[in-house]
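What follows is a set of structures for review.
Below, chain A partners chain B and then partners chain C, in two separate complexes.
Up next, the complex of A and B:
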């Protein structure tokens, strides 16, 4: 019985959406009866009503494009330097043995805390934000590229050898295609890290696109607007995650 | 063969022999970075003090570590992160067990966690200030929100990976829910749980410290942003070095004591 319920195609997602709507309705009710202070949590209906205002008056489209451009620049940098770094570490095994743990340590370090330093070096500009995104996304791409190249099956490499491929042919025909799925996992991680840090730093330094929008509305004490902007940013990030996930699945070769 | 020997017996090198190539390369890289840094610092290409000399950073590091007020701020931050980890970790554990234990619940709710997980959490900070005030409360909340998602997702994923035989053994002993959680589920999935805590600690640290840099009057995040606003670059570098050492150290420690190295090798 429970298995049938769990395997039902529509019931579990419907419960998920239903509970979300019920939660929102409950909050609305509690605010209307005065159990939750409406100066701390605005009514969900006000938040929904604030959406068109925020979108039209706060130039959400141009802000979104600005954040997207920053994320795009950061991901180009991450891709170029990350993949090149991974290939270099694979090519020079000595360098790899010397520095792989360092790269892993950097990947675990709270790099975003360096943003005041970047502010001093690059100024309060889009460059700081792009460089912060780049710094955050670099290490995972290097590590995943390296992992993908190292995991190339021995037999594939031997096939290349038996065809007497030159090192560059061996790389482009055998190693790189074999590592591509893992590299894409790394790129997706890198892009997500870059995006999180870009929006976060925009909020923190009050500059740029969507992150700044939230900060500005909060400083104006436009509560419904702040909540609406936060919902908007979450929706945008969810769309990006779903998109990259689809892309990754589409690019992955059929096993 | 020689490589395997080098990996399994790293201490086999007797004194007096030349350095292993890896160690030599590491030292060479460090020396190159130090020389490059000092050259950049002395060249005057960048604004003064943006790249302070290593001596100045060393002095700032010593001054910071010997200053009692630093330990007050460190204590505040550690307290905030500790409480955040406790709240976020325990609620993450509970939600993870619930989602991992029931396919129905997982299909109903897990997608929300999965997609909310990678969102930039710092944007919730204005709300946390409204709800919990400008004091440590809002920083704890930021840390707890950040830490909740990786713990919940890792626990849910780990629970689904448990060997079905173990669960059947527990059921055939007629263990109740509490016994199942304590004797079967948690021991069987200690690796994903510890990995979740490790990731959770990392993001709780970031959440708490970023919140401190935005609006606070105590904590390490506050010290960093204060060093920025009075343009005390050596101190900022010193604080960042201390933070990175603490964060990377904690990460390695949890990984080592949690036995994460063992699974990587097996």
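Up next, the complex of A and C:
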């Protein structure tokens, strides 16, 4: 019965959207009856009403595109260098032993605090923001790529050897597809870290994008507008995740 | 069922190569460094397999069967002795040798047809040709209709048949199988044994089967090499003169029972040694804790 409901094509998304609407309605109700302070959390109806104003007056679409472009650029860099880094650590034992611990330490470090240094190196520009996102997202991708490659079952590698695969074929035909699910876990983590840092640095250095808009609206005490802008940040996140999921499905159709 | 001749042959007087052997394993010794010292896994093992012959290698756990499988398959080096395939010395994985592993080894990210077409893709065959050939081997192992299914959607026995089809698609001269049905239940094992017999009959495939299952070895083999417990040596070679074509129905014949009893009498002592060894090792481990 439960499985049949879960396999229904329309029920899970309908349930998801329904829960979201119910949550928003509950928040609206709690604010209206005074259980939540409306000067801290604006009413969802006010946030919805603020959308046209934010879109027209605050040029949110161009800001959205700027943040999305920064997130996309950082994602490409994180993917290319993160996966390549993980492969290097897998291939070279010495490098792995020498660096694995501090790569793990970097993954847990509050790298956003390095933004003054990046400002000095790259200037007050989108490049600083992209590089901050890249730096923040790199370590989890390296670590998860390494984990995925190392966890490839020995028998699959032996199948490749028994068919006389070249090292390049062994990597592209066996190791990489076997490690893909774990690599994508790393990518999702890395992209979350990257996006948080991109919006955070936009906010901190007051330069372009949605982060700057959130900062400006917050300083004007435009709470409804601030939350409306945050919804656009969530939209960037959703776009990045949909792209990641499509890419994973294309590379590895079934698990 | 008519009476079947029963014959027993010693390793020292092998009736092996009636034709020129396609596989010759000559005086293999393989040692491993372990924390407890040097372990000799196989010691002076020699055997040969003629074209089209089905040879079973049987022994208790720890007799070096899998080591021998890896040596012949070219996955293991650093051993003494030689392995020759069609007169050519094996120094690594040999294109004439196809391997089927004990563990589940299908690629989960490829569907059945793409799994089977894998070696043909590596060999650079055009797409149409490799799928046409892969389809033939999928049919051969009885999985037609499942071409677009992924391994996760198949049973253990079906997945092992996919591995078998994938190895056979490369058309190896010698098929090496390392306990391919070990993870399956007895009934599935017998039925898959039938499938192997059919394929053997159809392709005249030279096969070396590593197993610890006596029934499986007698059901499938023309000849069975019985190995001793550590270090693994050839204890005896038994010719199986059961008529071919065979099927799993042969397990109920009197001759089959006699072969099983004979091999068990050879194996029993070795298996007991293995068990004693294992128990004393566990005791030692418990003491050191």
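The rule is short, and it goes like this: the second predicted complex is superposed on the first by the 175 of 255 C-alpha atoms of A that agree within 3 Å, B and C clash if a C-alpha of one lies under 4 Å from a C-alpha of the other, contacts with A are read in each partner's own complex, and residues count from 1 in each chain.
The rule is simple: a contact is a pair of C-beta atoms (placed from the backbone, for glycine too) under 8 Å apart; a residue touches a chain by one contact, two chains touch by 3 or more.
On a predicted model such as this, the values are computed, not experimentally measured, just so you know.
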{"item": "Comparing the two partners chain B and chain C, which touches a greater set of residues in chain A", "value": "B"}
{"item": "Touching partner for A:164 - first (chain B), second (chain C), both, neither", "value": "second"}
{"item": "Chain B versus chain C as contact partner of A:56, first or second or both or neither", "value": "neither"}
{"item": "Partner chain(s) touched by A:105 [first = chain B, second = chain C, both, neither]", "value": "first"}
{"item": "Which of chain B and chain C A:215 touches, first, second, both or neither", "value": "first"}
{"item": "Chain A-touching residues of chain B, taken from the complex the two chains share", "value": "21-22, 25-26, 29, 46-47, 50, 102-105, 107-109, 111-112, 115-116, 118-120, 122-127, 129-131, 202, 205-206, 209-210, 213-214, 221, 224-225, 227-228, 231, 233, 236-237, 240, 243-244, 247-248, 251-252"}
{"item": "Touching residues on chain A, where the partner in the complex is chain B", "value": "2-3, 5-7, 11-13, 15-16, 19-20, 40-41, 94-95, 97-99, 105, 108-110, 112-117, 119-121, 192, 195-197, 199-200, 203-204, 211, 214-215, 218, 223, 226-227, 230, 233-234, 237-238, 241-242"}
{"item": "Residue ranges of chain C in contact with chain A within the complex", "value": "73-75, 93, 95, 97-99, 101, 103-105, 107-109, 111, 118-119, 122, 150, 152, 167, 170"}
{"item": "Touching residues (chain side chain A, partner chain C) in the complex", "value": "153, 155-156, 158-159, 161-165, 169, 173-174, 177-178, 180, 252-255"}
